[in-house]
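Since the structure comes first, as structure tokens, the remarks are kept for the end.
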């Protein structure tokens, strides 16, 4: 049921490899980078929150 | 004093300030003239080419000239505290805002309408096309002032607002540009401009209703 | 009598843990739809008679285009609710959706351009659909830039909401104006060649990728809204008592 | 009568004050003091309805000001750190248009008479940008002379004024109170108003 | 501290302010992008026509984007008193002014150079033409900042200066526009862009010498 | 030593003053007074070299200031009605870049220490636009703490300051004078500086 005969053919995409993989690659990159950026944002917030709280605890 | 006289008071004040800053009225106009004149310099002197791009260039220039003058629509009033006093005045803020927008159009929209034929001649437009151009600008420039006011109010007090306002308003200007320039092009190509012009009129009617209202909302937020 | 709808989750304090619980499910859905869609689109679907293998771009292109438009409406909806009912969570949702929407608009432009080069011989034409997608991208950027330029989050929410609502009135106007502009002018320029009656696998693949993007958008929105909640409500007690903050 | 109950003010992530309670009656005035940055300006902007209220209630004759709208705005005259003058208009024009925007018609002669009262006779026709700091403040204060509002909210009105102008303003306030008005005034200096002892309201950092 | 470190201090300060106004850097760029995208909307989608006007449109847009950002070059410093303090600093004012102009270019000129190829693609320019476009902008945008600084200084404190500045600087921008757009056109039509580019370079060298000096003079007058 | 001889000032078609003569010696200060609009600000801008001199001469240690250039600018520290702060930078950044532009390197810690001295500890990292009127003035005044100039020219430095800050500024002035500095200060209020009686200079309308 798989349409392709070989891996090489799959990657060549009938000569349109650059365009097809350029599109799918950009999408994949975007969909991977965005969660990573969000994870970074979250850990930054958490870190600064923890720092603030520990300062507050020290004061008490 | 009636609501209408308060409206007139605002219009009068803004016109007075604009006239007092002498060059103000003229410069918006000159900007329009200069931008339009730059194109032949950048593109070259072929008349056929120029005639083809004339409606587009004139309309884009009108749009940029209006947009440039948006900064002073509310910014000065905000900085010197007048806007606070307007918000505290015992009349609907929407009315005062309407007055300001109207004055803005008188100062920076109307002159463009009046000078446009002269510039159109430079691009070799026919007299019918010039008429359509003026009409499209007459309907279009108030629309630009109204939409622009929303952008100006939203960016008020926002640092770097001067350029941000263009980012916000230029996309919203697209329909005005397309129907405005489209009317002139349609006329030139003999298809009749009525359709485009009536769409432009419809948009204007819509904006007259909604824009002052949205602008007032945005101003109240800016003052908080 | 119990109220029909419970408003409990309209407060950040209660929505935060709920969002945390929902995320894994939507991640799973994203992965399932994504894998299935890619399987069909890249490996199973046969070639297109006219466009060769290049047509496979459709699987991401159309899904990204749809999402970019859909997300704008959802964003404007939440922003409007936030403005009208002064609910913090709705405004946060709107801010959380915008970057993902802008990203899909960008992907639509990008994949479209990569499709256009082999099909039309040019990266870009000023076609109605392309142009209105470009303007949609600008509207997203305007929304994001405006919110970024205002420091007070409450002010940013309200200003952004007004812009989004004005935009939502304008999107159809822009869309039709561009359509009309272009049909009047068509002339020599290239016209968009519609794919002929699509094979069922292709259609299914396209729908699956679109579903995957939809689920993905939900995940991103939930993740981002959680981060925004932490940032904005940093001085509240419920944040201080979270176990990820005070282990 | 203005009543403030349980008022709180948050700026950024800082709580400036909370649980503030006070009231002003006719013929009385409040001298609002407190160190720099304690929240006096913020409080005043809440009182006149420019800034949203975080928590608590402000009532005018018993009704929350939010629901009063224009009626409350007619009752208040606010003067902030800024003078609300157009620099390119003359002092006279500024006065006239300022009044017109608030719905009060003021002729040129009437404006000149008011300007003479704030000590600017002979400078009615000079664009405001040429005036000195103190002269600008005087033009701004002329607003008090045409305002019919019973409640004056003045944020550091004495700044930049010379001694003569300070005395004039104190006398104007005294007259306003004698006619049944009320006022709330910030100032880092002592203020004495003939025949009226201020209710002192000192904000402290919470 | 050496003269150079004072120069750097000014550059650093202005960059910091620009970055702090978050969207500032991006919006000048967006303005460029949006203006360029407006032209096809006004003119119509025919690629042949668009390809012809591309160099002119791109250069006019760059010019307008630079010009729009001139307002904030000195105006803020003037309003908040920083400019007075700079004039009173025990270092040559020309040096500080040079720093400000350099920072201005980094914020509002350089990004245009970098984005220009993407826009050129929308107008279907070839890759060689894109290279020439970038090069011409690389030489041209600093020139625009330098000339613009004179205009910005001259209109400082002049009410309504925002539009006046465009009136003053746009005519001065004409040579840059002609040689810049000319270079790209010459390349497209196969005539070689070297001549135009070297003229542009010459103008730039001239401006680097004289513009800060003229700007300083204008600023001193504004401060009197 | 600053000597002013036969100085005149014209604004528009108005002669503000003429034939003004005075001098400041080390360890002395001048309290410049006069009613609003008499020309105090105009005089100060002439003294520091910002405004052109209509008639008369201003000399620094005997040399006309026009011919001194940078040397004179190094000797003067001027604070005008405006605070010369960038609203979007933090207080700390403002201090550092302000000093750097005048050729003085100031680290973050040094800046924080100065800010603590003007009572802004804890607000070093807040963009200046969030500060209150008086807090902004304090940041502007911190300039006096890093300046090495012997001559201070301060236009209404006490405006917007609360009593604690006024006392601090008076003490700072006293210390500056004790170290051999000089100052010229306008203020509509009384100013007392420990151990130093002011030379009173009262401008009157000519």
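Order of writing sets the chain letters: A, B, C, D, E and F. Residues in each chain are counted from 1.
The working rule: contacts are C-beta pairs under 8 Å (C-beta built on N, C-alpha and C of every residue); 3 or more make two chains touch, one makes a residue touch a chain.
Owing to the predicted nature of the structure, the values given are computational and were not obtained by experimental measurement.
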item	value
Between chain A and chain E, the fewest steps along chains that touch one another	2
Interface sides of chain D and chain F: same vs different residues, half threshold	same
Where chain D and chain F are represented by their mean Cα positions, the distance between them in whole Å	29
Chain B and chain F: spacing of chain centres that average the CA atoms, whole Å	45
Chain centre separation (chain A, chain F; CA means) in Å	56
For chain D, residues contacting two or more additional chains	12, 81, 87-88
Where chain E touches two or more other chains at once, by residue number	20-23, 27, 30, 34, 41, 44, 159
Contacts with two or more other chains, residues of chain C listed in rising order	138, 141, 145-146, 149, 152, 178, 181, 185, 234
Touching residues (chain side chain C, partner chain B) in the complex	135, 138-139, 141-142, 145-146, 149-150, 152, 154-155, 158-159, 162-163, 165-167, 169-170, 173-174, 177-178, 180-181, 184-185
Partner chain C, residues of chain E touching it in the complex	21-23, 26-27, 30, 34, 37, 40-41, 44-48, 50, 121-122, 124
Chain D-facing residues of chain F, complex	11-12, 34-38, 40-41, 81, 119, 123, 126, 130-135, 137-138, 156, 159-166, 188-189
Chain E - residues contacting chain B, complex	18, 20-24, 27-28, 30-31, 34-35, 38-39, 41-44, 49, 52-53, 55-57, 59-60, 63-64, 68-69, 71-72, 158-160, 162-164, 166-167, 170-171, 174, 177-178, 181, 185
Chain B - residues contacting chain D, complex	1, 5-6, 9-10, 12-13, 16-17, 20-21, 76, 79-82, 84-92, 96, 223-224
